[in-house]
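There are two complexes below, and they share chain A, which is joined by chain B in the first and by chain C in the second.
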Partner chain A sequence: MEFSYEVKDSYAEVKADGRLNMVSAPKLREFVTDVIAGGSSRIVVNLENTAFMDSSGLGALIGCLKAARQAGGDLRIAGVQPQVKMVLELTSMDRVLTAYASAEEAFSND
Partner chain B sequence: MTDVLAQRSFRGLSAAEAIESVHNELDGLWEDAPFVQAMDQMTFTTAVIESASNIVQHAVPAKAQKPVELGVEISVQPSLLQARVSAFYAKPPFGPLKPGTPDDDSESGRGLALIEALVTTVTFERQNGTNTWILTRTSQS
Partner chain C sequence: MTRFWTRLVVVLTVILGLNYVAWRWASSLNWDAWWIAVPLVVAETYSLIDVMLFGMTVWQLKIRKGAPAPPHDATVDVFITTYNEDLDMVMTTALAAQKIRHPHSTWILDDGARPELRALAEDHGLGYVTRSEDWTANVPRHAKAGNLNNALMITHGEFLLILDADQIPEPDILEKTLGYFNNRRVALVQTPQYFSNVPAHDPLGSQAPLFYGPIQQGKDGWNAAFFCGSNAILRREALMQLGLVGYVKETEKSIRRALTASRSAIRHARKSADMDTPLVAEVLDAVEAATREAQEQLTAGQPLSEITYRVRRRVDAAVQILVQADMSALQTDLEEIAAMELAHVGEAGVPVVTDDAVQRMSARDWSPLGALESVQAVLDALNVERTDEAQPIMPLATISVTEDMATAMRMHAMGWESVYHHEILAYGLAPEDLKTMLTQRLRWAQGTIQVLLRENPLVQKGLKISQRLMYFATMWTYLSGYAAIIYFAAPIIYLLLGVLPVASLSWDFFLRFIPFMVANQLLFAVAGRGIPTWRGQQYSLALFPTWIKACSTAARNVWFGRPLGFAVTPKARQTGGPSWSLIRPQIVVSVLLAVAAVVGIIRLATGLAEPLGTLVNVAWVIFDLVVMSILVRAVLYKGYEPAGDAGAGERKADGV
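What follows is the complex of A and B.
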């Protein structure tokens, strides 16, 4: 899995490309923690190239969400693909991690 | 005699890197069996990876000098997907085998419930020091 980020006007967009599993989940958490430490607490995780996510990956997203909120911001997800959507729905975590069609839309109403 | 249309397997040390290898075997299996519906591929892949990850995270060696090995055998049969996900040289699983109900803030504890939601049956057996979870999914096709 490859991570990258870009600071936009009102949020930072984190891209996570590949499989979000028990190997990459701790790396995502570390990556997002660093982005928050760099001063961006409004995070959009763009999952358009995340083909797979398991419960470890979901746990990492929840950890990142908590870290963003503790820093006074929030974390939202965008570009969710069918497998990730399925995992979010089956665990009922789609209530907690709101999915937006695109990264641009995630904070557009704030 | 069971009619196996495609099969793949993996065996190696129970370590995080093994999960990528299992995933690659699953990708290869679906290339060999493209007639399996996309929904079945997606759900079964998720269940197998969850089960294998569960072993990597929680299996405890029965003897200190012999590390746990992960074994995965996946087969495609007419209208049935089956996986045997095994922890070799492991102690019997400790603690509840029932899925928990973590709260929204919890970062773990969702794997077992997810597996049960994804497959038709989950069976556990312990034989000769090996813990095996047998997952089946009745194919939609």
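What follows is the complex of A and C.
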């Protein structure tokens, strides 16, 4: 699992490459918390290179969403792969999070 | 072979039971004494249903041959939950857990946040977890479920072995159970809870051989063996999935609630005096439009995160406009005041604020935002952060003080499977005094009834009919307190007043009743395969005040939000002399039964009562008194004293 981020015009893009599972989930939460602390509260988590995600990974995303909201921003996800999409539907998390096709689109509507 | 005989006796018992109870309803009721006749037949029907559910349970008795070899790379966290238990006890368990052979991390989950325990854990290289800072004073702590949920966010093992602070595990507990998880659908493996500090005659009915035996094995056969809080291994993925599904459900519910509440909040705000200010009205219009739009988006099935984000943004923007307008209004006012003061200065040379100006300033609300406070409060609830809880994801159910059963039921409803592994792999400590034991039983019963009232298994989507009945069977047994009262009342009423709830005590009665009773006892004997079940039968009747209290307090809690009066079961022995006051209702009932028997015999001697009725009812009284007699031994019980080497050998020497 590898995390990276890049600050764009109106948001910060966080990339989570590899397998987002129970081992890497706490690390994602830490990483995003640091990005928010660095001053970017509008976060897009780009999952195009996230081959696998489990419920712990999704749980970490919710933790990140909470942190972003509390900092006055928002967290969105983009580029979900088929397995991730399946997990989103299985847990009905697609009722909460929209999966955007790309990171650029995530905040394009506001 | 056992299964064949068990099923045969089940069929026999059910037929004989239906034969008896149907006859009771159809042609035996003494309608002149309906006030006892009807309650008695209802109680008997209750008992028949109880026996039928038991029969259904043991019908599918599953005797497992042991688990396949465990996956060697499975990662495991061992959680030892503690709140206020003796540190020696916690450390004994923790060090035994550390010696479990399969690779794992051992964690002490200390809800008491005791610095001494932290130091001990560090000294021995054990993990130590207390609640994170998210658990502020403003959110519910959820007792043990909260403790576990907190630890789940910090650790990352694939499987979790959960142990109460007193449950000393065997080194092979994981080797013997992890293999079941090779089946990817298995979410839970429960092992028995056995207590090493209980003498053979078990005065407090601590061991539950019928439950951790035929009942769990039968439930296992129906894929409904459930989690009992300790000595169980759980799959993290299943728990996290429950947490996520619960999060989505709760979030959607609270958003709907907030949107509904916002309408009435806006209405109330409109009625306030500030409506004279056009800007407030405009802001309220904007809020109303935003919430209405949110409602439409919700109905259209749009994602909750975006709905809440948009509505908050719109409202925030509107409030900002309001504040700005307010500030400029204030500015204008100040300028007006300044202008008036200037006028005064011009006249008298002394700057004074005129009454006129003060009045004008106070007539106007200084903060138009104040009118919107209630609206603001509702809007604050419009979020996806689940601000009313310490953490958005709550994997272990928090709807009951017995989080274990509720969690297992939700797992089964999501399609996960469970396993009951019938082998003692941990040795615990049972309460050693009646008071503690009663507290513990009350807690279990309250929790079970809470689950029944909050998530009635009979109507849970995702559960098979058989699974629904298996959960319901356990809940049904806790209603026995009401039946017990009727069973005590009926002989007392006959012996004192001569009122018989049955039309006549003829052959018709005995021919139907006695075979049913015999089959019933036979069923327990066959299903129990020689395990002692009498103690359990005694306590299920003798603890009737506890069961009734549990039902009434749980109902008050669920329906009216009253506290349960819940206490953590103390693991240490309570000191002091025998406390007869704990069983006052049972003493009263026993005295009444004894007096009734004496009066009944006198009535018989004086020709006021008939011999058969008296005989049956005196026999009934004697049975009740024998059942109740266990409480005398329980009150007088002074705690466990190991009988030399024999007692010490009971806990296997595993170096702890």
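Side notes on the structure shown:
Here, the second predicted complex is superposed on the first by the 110 of 110 C-alpha atoms of A that agree within 3 Å, B and C clash if a C-alpha of one lies under 4 Å from a C-alpha of the other, contacts with A are read in each partner's own complex, and residues count from 1 in each chain.
We take it that contacts are C-beta pairs under 8 Å (C-beta built on N, C-alpha and C of every residue); 3 or more make two chains touch, one makes a residue touch a chain.
Everything numeric in this text was worked out from a predicted model, so none of it was measured.
Look at A:F52: by the touch rule set out above, it reaches chain B but stays clear of chain C. Contacts of A:R19 after superposition on the shared chain: chain B is touched, whereas chain C is not. By the touch criterion stated above, A:P82 is placed in contact with chain B alone, chain C being left untouched. By the touch criterion defined above, A:D94 lies against chain C but remains apart from chain B after alignment on the C-alpha atoms of chain A. Of the two partner chains, chain C is the only one that A:D110 touches; chain B does not reach it.
Of the two partner chains, chain C is the only one that A:D74 touches; chain B does not reach it. The residues of chain A shared by its contacts with chain B and with chain C are 22-23, 54-56, 58-59, 62-63, 66, 90-91, 93, 95-96. Against chain B, in their complex, chain A makes its touches with residues 19, 21-23, 52, 54-56, 58-60, 62-63, 66, 82-83, 86-87, 90-91, 93, 95-96. Residue ranges on chain A touching chain C, taken from their complex, read 22-23, 25-26, 54-56, 58-59, 62-63, 65-66, 69-70, 74, 76, 90-98, 110.
Of all residues in chain B, those touching chain A in their complex are 16-17, 19-20, 23, 42-43, 45-46, 49-50, 53, 56-57, 104-108, 110-111, 113-114, 117-118. For chain C in complex with chain A, the residues that touch the partner chain are 153-154, 156-158, 236-237, 240-241, 243-245, 247-249, 251-252, 301, 303-306, 309-310, 313, 383-386, 391-393.
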